[in-house]
Structures are given as C-alpha cells and as structure tokens.
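Per-chain residue numbering starts at 1, and chain names A, B, C and D are given in the order in which the chains are listed.
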Amino acid sequence: MNLFNLRDFQDVALEKLDPVYYDYFAGGAQDEVTVQANEAAFRRLSLVPRVLRGAGRPELGGALLGQATSMPVLLAPTAFHRLAHPAGEVETARAAAEAGVIMMAAMLSTVAVEEVAATGATLWFQLYLQPDLGFTESLVRRAEEAGCKALVVTVDSPALGRNERGDRNDFHDLPAGMSCPNLRGDGDVGQVVLSPEFSWRHVDWLRGITSLPIVLKGILHPADAALAVEHGAAAVIVSNHGGRQLDTMPPTIDRLPLIADAVRGQVPLLLDGGVRRGTDVIKALALGAQAVAIGRPVMWGLSVAGAAGVAKVLSLLRAELVNALTICGVAAPGEVPRDLVVP
Amino acid sequence: MNLFNLRDFQDVALEKLDPVYYDYFAGGAQDEVTVQANEAAFRRLSLVPRVLRGAGRPELGGALLGQATSMPVLLAPTAFHRLAHPAGEVETARAAAEAGVIMMAAMLSTVAVEEVAATGATLWFQLYLQPDLGFTESLVRRAEEAGCKALVVTVDSPALGRNERGDRNDFHDLPAGMSCPNLRGDGDVGQVVLSPEFSWRHVDWLRGITSLPIVLKGILHPADAALAVEHGAAAVIVSNHGGRQLDTMPPTIDRLPLIADAVRGQVPLLLDGGVRRGTDVIKALALGAQAVAIGRPVMWGLSVAGAAGVAKVLSLLRAELVNALTICGVAAPGEVPRDLVVP
Amino acid sequence: MNLFNLRDFQDVALEKLDPVYYDYFAGGAQDEVTVQANEAAFRRLSLVPRVLRGAGRPELGGALLGQATSMPVLLAPTAFHRLAHPAGEVETARAAAEAGVIMMAAMLSTVAVEEVAATGATLWFQLYLQPDLGFTESLVRRAEEAGCKALVVTVDSPALGRNERGDRNDFHDLPAGMSCPNLRGDGDVGQVVLSPEFSWRHVDWLRGITSLPIVLKGILHPADAALAVEHGAAAVIVSNHGGRQLDTMPPTIDRLPLIADAVRGQVPLLLDGGVRRGTDVIKALALGAQAVAIGRPVMWGLSVAGAAGVAKVLSLLRAELVNALTICGVAAPGEVPRDLVVP
Amino acid sequence: MNLFNLRDFQDVALEKLDPVYYDYFAGGAQDEVTVQANEAAFRRLSLVPRVLRGAGRPELGGALLGQATSMPVLLAPTAFHRLAHPAGEVETARAAAEAGVIMMAAMLSTVAVEEVAATGATLWFQLYLQPDLGFTESLVRRAEEAGCKALVVTVDSPALGRNERGDRNDFHDLPAGMSCPNLRGDGDVGQVVLSPEFSWRHVDWLRGITSLPIVLKGILHPADAALAVEHGAAAVIVSNHGGRQLDTMPPTIDRLPLIADAVRGQVPLLLDGGVRRGTDVIKALALGAQAVAIGRPVMWGLSVAGAAGVAKVLSLLRAELVNALTICGVAAPGEVPRDLVVP
C-alpha cells in the first residue's frame, strides 16, 4: 500500500470501506463547497521561510489547557468509529495515547466514554447540549468520572446539516449491533436532539455545574469568539464542522486571523477543517492557532489499519510538520512568525 | 428517482423532456455566460453563522405587497408551461396555491390567466408593454378581473434575446394545438411585440389606468432602481431574465447590494437568477432582498411530475431554507443580518 | 451548416481548410496565452443595461476618418487570403463593399491592392515600414493611386513573432502560384523586412510624403498613444496583433481604458483582438473605442463561403450589435455610456 | 523530433528517460503546488511593449560577478546528471562552454568538479554547508583550485524536502557505479548532511576562508535579502529550489520585486524557478533580476541529446529572448524598463 501522505489513506479507505460508510465520513453538506474550500484555502496560502536561523531541529511538544501533547495536533471529535473498524473508538484512542496527543471523544461514540478512557488516552469530551438538561448534566458527570480533561461543546449545530450523500444512500441508522452508549437508553442515534433553543446562558449554566474547562467548537464570527471569552470559555475551536453543517460556510483558515484579532490571546485558539499536511499546520500556527485538529484523516487511518493506521497518520503528519518547521527555520510551534504566511 | 435537491429535478427533466423543449427552458442568451454566472455567484458568497442565538425554529411566513406568502420565495414568470406538462400553468398554479406562495403568471402563458386564477393561487400578472396600448390596457383589465394582485412589468426586453439553442433546434413556434390565450386572436406567439420605444412615461401611464401595484422586473442599475421608486413602482425585481436576454449581464446577486443602497428600503426588492438552494435564498435576504423568485426549477418540477413535482421543488427549497436559517441562528426571513454574508 | 455565430464559422473552417493553413490563421505566438486572453477578457466584463430609455431601434452607421461605415466594425488587415479562398482578398473586399464597411487591405495581400480596390470597397492600406524607404514610398504611391483612404502602419513588429504551429507544420512559404504582388519583384514573402530600426522619425517622414491620414496599429502603452497623437497620427488601433507577435501581451480590451485616458478624444481609437460577439463590440465602445476590427472571423467566413461567408459573418455581428444596443437602451454607437461596462 | 521550445524537451525526455529518473528531475515537494505555481506565475504577468524605439537588434552579452556571459541565463545547480546521460555533468559543461554561459556546478555532481572544470566552462561551485567545517573548507579549496569563480551557497535546505515521487518509486540511492565524487569517501549520497544549525555566522566564516565571491541561493524574504547584503554576499538568487523543498512556497517571480526593493541594487539579483520562455526571462529582468537560471530544461536537454541537447535548449531560449527584447524595443538586458510588466 502506498501510504506516503494523509490523502493516500483516503484512497485506500475508499477501497476498503463500505461505500455508504465512506460517503458518511467523506461527505459534507449539500454541494460540499465548504468541504472542498477548506483544503483549497490552505493551498492558496504561501509559506515564505526565513533562512540561516540556526534554529536546530524543532521541538513539537507542549501543553493545551494543562494537558501535555507531543505535537500541536488533536483528534477532532467524529462520530461512529465502529463504522470504520470493529473496535471503534478504542482503536483510535490507543493510537492517540501512543502518539501522546489529545483525543476529543465524541458524544456520538460507538464505544462508551469509560471504555475509551480506559486506553489511557488524554480525552476531552465533546458534547451537544441536550434540551433535557438533567441528561446533559449526567453526561458531564460521566465524562468527569471517566477522567476527561475538558468539555468541548459543539455550538454550530442548532440543527442537523443536510448530507445528501446520506440521503442518496438512504443511510439514517446505525447497523444492527452498533449503538451510541454515551446516549441514554438503548443508544438509538435518534435520541440525540439538536436544538436551536440553546444560547449563551446555557454556557453559563454548564460552567456552573462543572469545573472542567469548557471549549467552544464551531465559531467563525469574531463577535462570537469575543462572546466566548466573555462567557468563560477556556478555548475556542474555529470550525465549520468539516463542511458538514451548512454549505458555503467559509474555509476555517480564512476566518482564523479575524478570530485571532478578536480574541487577542485571551484564550487558546484551535482550528479544524482541511488540515492534511504539515504545511497546513504551520499555516494555522502562523495565523493565530495554538493547535489544529484532524477529523477525516483519522477515520481513514482507522479504516485502513485500526490503531496502527491512526498512528501512521499521526506519524506522517508529525514528520511533515517537523520538516516544515525545520525548513522554515522555526524551533517550536509557538515561535511561528505571522509573516511566514502570505496570501 | 433521486430527487433530493433542485438540481436533481433538472437531471430528471433532461431525461423526460423533448430535448428541444428542454433546451428552450435551460438555455440562455448566446454563450450562456450569464446563465452560469448566476449560479456561480451564489457559490462564491460565504455564510458566517452566528452561534448560541436561542432563536428557535424560524417562521418563514410573511407578506409581499399585502399578499400572504408561506415563505420568501415566489414563482418567477416563465412562458409556455404546456411544453413541460399537458395541463401547463394550471398544474403550476395548483402547486403554488397548495404551498401558499405567490405565482407570477406570465403573459406568454399557454393557459388563459382566468383558468390559472381559478386554481385559487395568488397571482401577480406579468406583462410586456405592447405598442398597442389599448391591447395592453385590455390585458390589464383581464388580469384585474381574474383577481391578480399586482402587475409585474418586464422592463429588460426592448428586444428578444438571442437564444442560439433555439436557433440550432429551429424552434420558433409552439407546436400545433398550443397557443398563448392571453394574447389577442389565435395565440400565435409572433403576436407579442417587444419594443425599444417604451420609457418611464409608459410606467406613469400604466399607473394611471390601474390601481394594482406595479412591480418592475429586470433592473440591474442602481439609477434605474431609483427611477423605479420615483415613478411609483411598488417593488423592484433585480433580474437579468435568467441570463436569457443579453449575455454577460452580471449575476443578479452581485448587483443586489448596489440596488439595495439606491432604494434604501423605500420599496421591497425581489431577486431572481440562479437561486437553487436554501443558502442562496438566505444570501439574497442578507444582501437586501425581501424575497426571491425561482424560474427554471419550477419548470423542471413541472416536467417531472406536474403539480406534485412543483410542490416537491418548493418543499425541498423550504426545508433547505428552514435548515439554513436555523443553523444561522435567525428566527425569520426579515431578520437576516447583513454580515451573515462575506465574499 | 450551423452558422449562428462567428465561432461556428471557425468550426466549419476547421473542417474545410488545409490544417496547415487553418493553423496559420488560428495560431498565435508561442503558447497562445494572448490569443486566448483576448477573448476571455471580453467574457470577464459585464454589461449593465439601462431600462425604459425609449431609445428606439439603434442606427449603426457613421464615419471614420471621413469614410462612411455602416457599422463600427472594420476588417482587420490579415495576410494571404488566397490560402482561404482561390480569389483571396477580392472576395473579402466584395463582402466589405456590399456590407458598407471599411477593409484594411494588407501589404501581404495575395492579390494586388489595385485589384482589391477595383471591387469598390473602401480601403485603408496596411503597411510595414521597409528599410528601403524608396520602396516604402512606392508602396504608399500605389495605395494612394488605388484610392486607399488611409495608411495603417503596423508598429508592433520590429521582428516577426514566433508562431510555433507554423514551425511544427514546417510552413514557411506560400504554395506555388501564390505570391504577394504588393511586394517588389516576384512576390517572394521573404522580401518583407521587419526591422527594429524604425522610430517615430519614420512616422514623421511618412507624414511628410503623403496627405493620407496615418493610423498607427499595435499600441498598448498609454505613453505610446500620446506619442502617436504628438506625431500626427490620425487614429490609433489598440492591438496586440491578435496574439501573434509576443505571447503574454495583455488583452487589448483591458488596455483600452488606459489608452483612452491618455488620448482624451484627440484622435479616434480602434481596437482589435478577440472581438467575436456584438456584446464585445459594445464593450469596446463603452471603454473608449470608436470602432473595432475583426480578423480571424473574416478568414473563417472567407474559408467557408468566400464573399458570401464574409458577408454572413458581418451580418451576424451586425445583428448581434443591434440586439445588444437595443437591449442596452442605446440609440447609436457613439452614445454608449461608460458605466454600461463593469468588471 | 519536434523540439521547438523548452517544454518540447520535457516531452521527449519523458519518453527517453527511466521513469524513476524522470520523476526525480520533474518532481517537487509533496503536492507540487510550487512546481506548478512557478510557471503559472510567469503566465499571469503581461508584457506591454513600447513601439518605434529604434533600438536595433539587442545585444545579450554582459558580465556577472566579473565573468562574461553571452546572455543573462545561467545553468542552475542540479544534482546527478549521470542519471540523464552517461557522461553527466561533463556534457552539460561542454554545452555551457560552447554557449558562453555560466554553469553553477553542483556539489552533488556525479562527476568531480575538476573534470567538469576541464571542459573550459565558467563554473560557480554550489555548496551545502556541512557540519564538518573542515570538510566544507576542503570542498572550497577544491572549487578554488578547479578554477570556479564563485561559491553558491544553498541556504534554503536546513532539511531535505519531501519528494513523494521518490518515495513512491522507492528511489533513495544512486544506481551502482554512480557516485558523487565531490563528497568525501566513496560518494555515497547519504554523506551529504543538511543541517538546521547553520546561521549567518557560518556565512561570515566562509567569507573569512575564501576570496571567492559568495552567492546566496534560496532567499524569498526581503529581510533575508537585506541580511545577505549585510553579511557580504556578492549576489542573491531568489529561489524556492524549483519547488523541491517546501511545498506552497510562493512563486519566485512574485517575490522578486519585494527582494529588489530590499536590496536596492547593492548586489546583483538572480532568479530561478519556472523560467521556460524568453518572455519569462524578460519579465524577471523587468522586475529586478540581472539574470535567471534554468534547471529542469537543462536536464531535459541533457537527457535528449547530451551536450547537443543542452546547447539546443540554450539556443532556443536565446532566440526567444532576442525576439522578445526586439519586439519590446529594448536594446540590452540591462535596459528593460520596470513598466514593461503589468499583472
């Protein structure tokens, strides 16, 4: 198998996976303009390395919200890993643990958060606020008790995005024997409720019931980033949900500088959407992110070879990032200069 | 049949329709640069949703020129519906009535306006001013008596656009047994006269002979929009005639902000040209339109399944618009903020 | 034959012509970036018609340098018409005479200027200045005596452009029996000399030996346009030689506004390069040209059907221009407003 | 064989060369965005010739760092010429000598610098600084003794770029019998060490141990160009290593004006990356370069016909440059005006 970069994993996954599941992971909202734009926006940005900096080989390690990470790359929360591999999220978490990176464990996991946590991976728990606040609180308690180190609240989903690949494939339910054990009852996916009633006061409420840091995921407007800081968010993830929510949302990397200007370093910024190369990571760092998250590449790695596949995805990205930082004369992720990137 | 969005209907119509009629509906002026640009311009605009607005599920209903509409989408006036379906405009109107949306009934209808009105649909009557003003006035009276609620005067047609698909297909006359009963005499299409003699004083004249609100359709220049207001237009439709008149006219959505600046809310603005998605509708609303109109998608729906096809087109667009407004945190069409759209 | 627009003629010519001759006419310098850019630049410009102008049907006729023309379109000077049709330039001139348009008769004509003039067409004689000034003067005299009404001096050719299609086809000589009778001696093409020695003083010299108006063809820089006026040019043709001289010269329509600003109406401006549509003509008029010239479309018309083919090309373009002016609410070529065109 | 321009040589080389070696020469870093962007950036720039300058036929000859050159084109340093031709760099150098152009002889040559120099070509020796400074100094001495006239220090390579074509072809070692005799010992390619430890003080050190002029190759940031001048560089080469080091580096021609502004004529500027046409050369001259270098086209020439192939590449480029300068009315490379180029 020719697996020399993250896109190679997608090609192999396309061969290995049930086409319906492949479409579920690969697809996005409607015409998938945003899905494509996320990657294209990175390609349009240029890197202008400095030379003769004597920077030495870069050190990638650091910490995010107090948790160590071996590189500024996290695993984005993605649903239904058992569609990609029988052992599902457990395999993914093993790879994260081994690689020393943080995994954002999805509420719509096909393995219970307690089992995922048992791998030893550092987890942040991703949450859709549920109209039944009691249930929401019970989920927070499970995450706390499982040892999750932060809550990642997805705020871009007052409704489910319209994935037409799923419609065409008539894919609306998990296969028999697969469920979402983080949800109450029998794990019927239908149980998750996306509601347009949620507002900033629910963030305040959440902050009141937990001491975990709260990360808000899915912010594209600077005014919302400022509100996030005001309402005590510990970090903000600039995200368009991988182009899966509303088509023609702008590429995240194009919005990052505006968000960085609004947040002015008060909280760390993360970004996901279209990160496929070490050069993409360094571009996000230059434009104001402390780290990035990858979603689909992890699913391709998981599909191709379980934990080993995810590990390979992470090691390829790490190698590319080391190479990019070295050639750019930068000693550490936190030292990427703003003017490294030009449009 | 895979009918999950408006473009799917075009694909099925391409299979079902006589190719000559398909070309008539799908085609545009000359190289069809404008036909393609209309849709492409929407894709180039990005939506930046706000989050945690607690807006609830949006309400789409409202009123236009005093007429209720269940959503900010009208049926654009299009000619010769019987080419698409044996019952022609009656089927279209039934779908409009059922969906609670306004239909702009075309002067070049293959069914008399009285029959179309008998469906119970709310109609606005579209009119090309005719050099024989007496005939023009008689048409206005027919529209009034049929219960039409407004006159839509098409002002972008001092001559017929050059549709080369029609030339290549040698399509210049309606088939035997089909006619335009709104026209005097036997309905020979040749009877309609497009004239470059018409000017603003004819708008004044029209205003003098009817109490119906007069909507001017086909304005792209801000100065003309200002003149429209000055001459008592009740509304303006920003339109390039679906790219059918003069090729390389600009996309309507690109002209809308300029027109909105010129009109400054004095009259409602509508827009047609390239609207295929709920996200397109919300973009037009953000940039200054009170509503949009769709033309070709209605013809594809009519071709595919008559009134049921048109109804399905409308319900798909409605569902997409509800989804888009919800994800954008907007409670109603009239509350779409300007900064939701970025280039 | 489907001949509904100028590009259709190219398609038919491609079938009819010897491929080597087709390449000679169609080709341009090197990678033909400019050849394509000329047409693409027109497509990128948009037309924003005004409405309800009551302008009536436009009148296209006018005069250029004192010569009547039935529309603001001239025949650009092109070489070797007998490659396209046995009767060569005589056929072209017949069509020009019949259509009432001015033909720029090329020095590299395969028919003597006297024979071309005998058709009754209004001719301007195109000239490459020759190092042998005596020969140059003798050519001027022949043009004067043949009744040519102006001299068109091509100033963009201090060397021959590099046409790689010709190189690949090994096409360097006219076929046996074909010659350039405007040149001294036996008409060997090699006799024409393109020289980088010519300068503005040669324009002054030319003005001293003839009372014919001198038109300078091939100007793209505003400073050169100003120099042309200073040196007594009667008109300037904004031209990149149809993309045949130096590749990556800019599209002419993009340079026109700069030239118009420099010339400030002191002399008429003409433009050639990529004009294929009535909308292209109106764009050039809006941006400062008094008229345009077409080259390749004339050769395609000639190839397809001799004088009748050229006549059809001219009548199609005329009809498109009438249509475009009518829809734009413009009564005459000289009344096209600047703001009709937006980028 | 159709060899009418530099790209033709690539096409023929593709047929003649071992595909693995072809990929080695043609490929670049990762997705090869920069490889393609280098050429595309030249196409996007337009040339606006001046007319009637009376400039005569241009003279291309001049001098660079005191060495005569017959035109402002050098041979960029490229590795492993014996992959393209059995006699390797000796053939290349013969062509350079015959054409009177300067060859930058690569440290990773498959022929020893002494043998290359024996051809009589004017050589500049390209150098990667090595952590073993003693070895670096010994290389400098060999270059001096071989008669090289300058040292070209590649500063864009603190690490090896990631060439995925090479990975896919599993091409990591020279074939048996081929080595790099400029390197110590048996010529194992692995011996070259690219290190991120080097800094400006190593440039100072190098200046201290040799009287050869030092050219710094691989600068894209104006601040680094200013530092180069400060540290005594005799010339700067604006280069992104032909897109082989870090993908999405910007096209060199786009960076040249910024570098020229920073250097303000204190030292000569050279540029490589994507030069394939005489028009590309003139664009670089207009934007501030004294000369350009070509890499891949030389390798294609060498692959196709050894020294004769390289000679043909050079003569084609020379002819194109003469043609371009002539048509632009420019008498010499040093007289290209800045406003000849527009975006």
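Here is the rule we use: a contact is a pair of C-beta atoms (placed from the backbone, for glycine too) under 8 Å apart; a residue touches a chain by one contact, two chains touch by 3 or more.
Just so we're clear, the structure is a prediction, and the values are computed from it rather than from any experiment.
Chain centre most remote from that of chain C: A (centre = mean of CA atoms). A turn of 90° superposes the CA atoms of chain A on those of chain B, with the angle given to the nearest 5. Interface note: chain A and chain D, two copies of one sequence, contact each other through mostly non-matching residue numbers (shared numbers fall below half of all numbers used). Distance between chain centres (mean CA atoms), chain B to chain C: 42 Å. Taking the mean of the C-alpha atoms as each chain's centre, chain A and chain C sit 60 Å apart.
Shared interface positions of chain B, i.e. residues touching 2 or more other chains, are not present. If you draw each protein chain as a dot and join the dots that touch, you get one closed loop, with every dot joined to exactly two others. Taken together, the chain C residues at the contact with chain B in this complex read 2, 4-5, 42-43, 45-57, 277, 279, 319-320, 322-324, 326-329, 339, 342. If you check the complex, the residues on chain D that touch chain A are 30-31, 33, 155-159, 161-162, 164, 167-168, 196-203, 216, 218-221, 223-224, 227, 245-250, 255.
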